[in-house]
């Protein structure tokens, strides 16, 4: 088990392994996404209060969940790269950052699309959306910091430090925004009411969440492969691998 | 970097020495400390001009305005925290000294806070009154800023250490620091709002105090790591 | 007993490898000059030897003693006066006395300037404040990056004498210089051109 993880640290080995891994991961992901989408968007029953417009949660919620989890994946990869100085962990961290940022953006946009028919406004400052927005800034910060450094090895270490600082803060941010919201809550409707969700709507949602996790993994692996192709474009093992494919 | 030191290796002495060095250079260039305060003054003045002089409106918005402007002023301060030390080679020497870089960095941040955040917390009542904040809320304002500016500057120090080797890193610093400062803003402005309404102020101040203590312990470690990374850039 | 020994050291900057296979053993009484044109990586190597940078440094560097590193930037604050600068210098010995500092300033010909802020001194004088650290230091190994820059003839002679004194007292010095070295045959040389990566 440890030797497997150790081998992953070598670019040629990782490239070969991820190639075969993706070859079956990608179809499974696409399959799950299609099934989940059809189930959620067409088969699941319409909501009592919101009618059909609630269906956007099948994209919004998985995107939000995976975006938050993705930050921890990124920070974990950064920690591994800092502590054990494994370059592939660097690559993983940098591959995860833009994927997470895009997922957060998707969550924000779909949240806005959900908000308009449901509560009448494109943007509502409720606790969850506000926390998502802050998460988006945290992601952008990591990406921007990497671009700003000249020495890319130092850049990777800096991003690792930044994402670790972010992970410590994320629970604090989420909780404080929760409290901020309840402090200033307008006296009317509770926007994020925790109504019990029916099984017929829950299962497609769970499928979509799992599908998005797989999608995240595919995107990160593809990103890592692209990074390796660029970084090692002069080396012979890559030319062999690309020639053989 | 630690190797056998023939001279006195007392950590407290090193802390004090770094503190005095930074303090003296701040005293010698007072604009470094005074500018953020002036900035605070001017920007607070902008709000009545922009929103209109209605005293009820201003009083209602005062806690938020004061805290947001304090946060912006803290961003200004953070941007310059390690800049001159990095340029003149002091950070190199600090990294080579046989004391933990985290401790030396904490000494600098402490000296810097006394000159900026501490002074801001003491002078804030003046601006509170200008915005129509009721008198009974002023102690909460001072207390929240006293604790909050420590958090803001410690977090700002991490950002400054990460961006000090980047040309024009000030804007990037703001992008990095703002998300992390938001909890401090929330707790601080809530403390003052609650004070205005004679509500429960202590729990918000306790949260600020907890954040300040945590930052005091954790931030210097991140600053030390970040300064070494910046030296490698 | 080597004060510092380097084996197979390589220096990378960004994506480029500058130097490769650098080896160096410095013993007490050694005086080493690193030779090479601009941009070959002399400063980067000195920084790596001192321990300022660790990223992009390959190979093995073993340090057995306390070092003094004087880089391009001397860590002298222009807003403070020379005494405060030296007394509170981050790398100076803790427990340094004011009188010792004043004596050191006298030795670099800055007696009488104790209360003047460094920003008001001439460039040569500012340089000498940095060099006063050499007088105050108890470190056995000195790593000096172009120490003769911005010094007039008298200043160069003074520094030369100080370095010889340090070396003959059992210390060691590694330095770089753009000018022809004044030490002639009494020094060792490391030609970095032999280690440049093509």
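What to note about this one:
Each chain gets a letter, A, B and C, in the order it is written, and its residues are counted from 1.
Keep in mind that, in the parts below, a residue touches a chain if its C-beta (ideal position, glycine included) is under 8 Å from a C-beta of that chain, and two chains touch if they have at least 3 such contacts.
Just so you know, these numbers come straight off a predicted model, no measurement behind them.
When each chain is reduced to the mean of its CA atoms, the one lying nearest the mean of all protein CA atoms is B. Comparing the CA-atom centres of all chains against that of subunit A, the greatest distance is found for C.
Interface comparison, A-C against B-C: more C-beta pairs in contact at B-C. Averaged C-alpha coordinates put the centre of subunit A at 32 Å from the centre of subunit B.
Chain centres here are Cα averages; for subunit A and subunit C they lie 49 Å apart.
Distance from the subunit B centre to the subunit C centre is 35 Å, each centre being the mean of its Cα atoms. The multi-chain contact residues of subunit C, meaning those touching 2 or more other chains, are 55-56.
Residues of subunit A found to touch two or more other chains are 150-151, 153-154, 157.
Counting partners per residue, subunit B has 229, 232 as the residues that reach two or more other chains. Those residues of subunit A that touch subunit C in the shared complex are 150-154, 157. Those residues of subunit C whose C-beta lies close enough to touch subunit B in the complex are 47, 50-56, 63-67, 69, 71-80, 84, 88-91, 93-95, 117, 138. Those residues of subunit C whose C-beta lies close enough to touch subunit A in the complex are 13-15, 55-56. Taken in their complex, subunit B has these residues touching subunit C: 1, 3-10, 13-14, 17-18, 20-21, 24-25, 28-29, 84, 87-90, 92-98, 104, 228-229, 231-232. Contacts from subunit A toward subunit B in the complex involve residues 134-135, 137-138, 140-141, 144-145, 148-151, 153-155, 157-158, 161-162, 164-166, 168-169, 172-173, 175-177, 179-180, 183.
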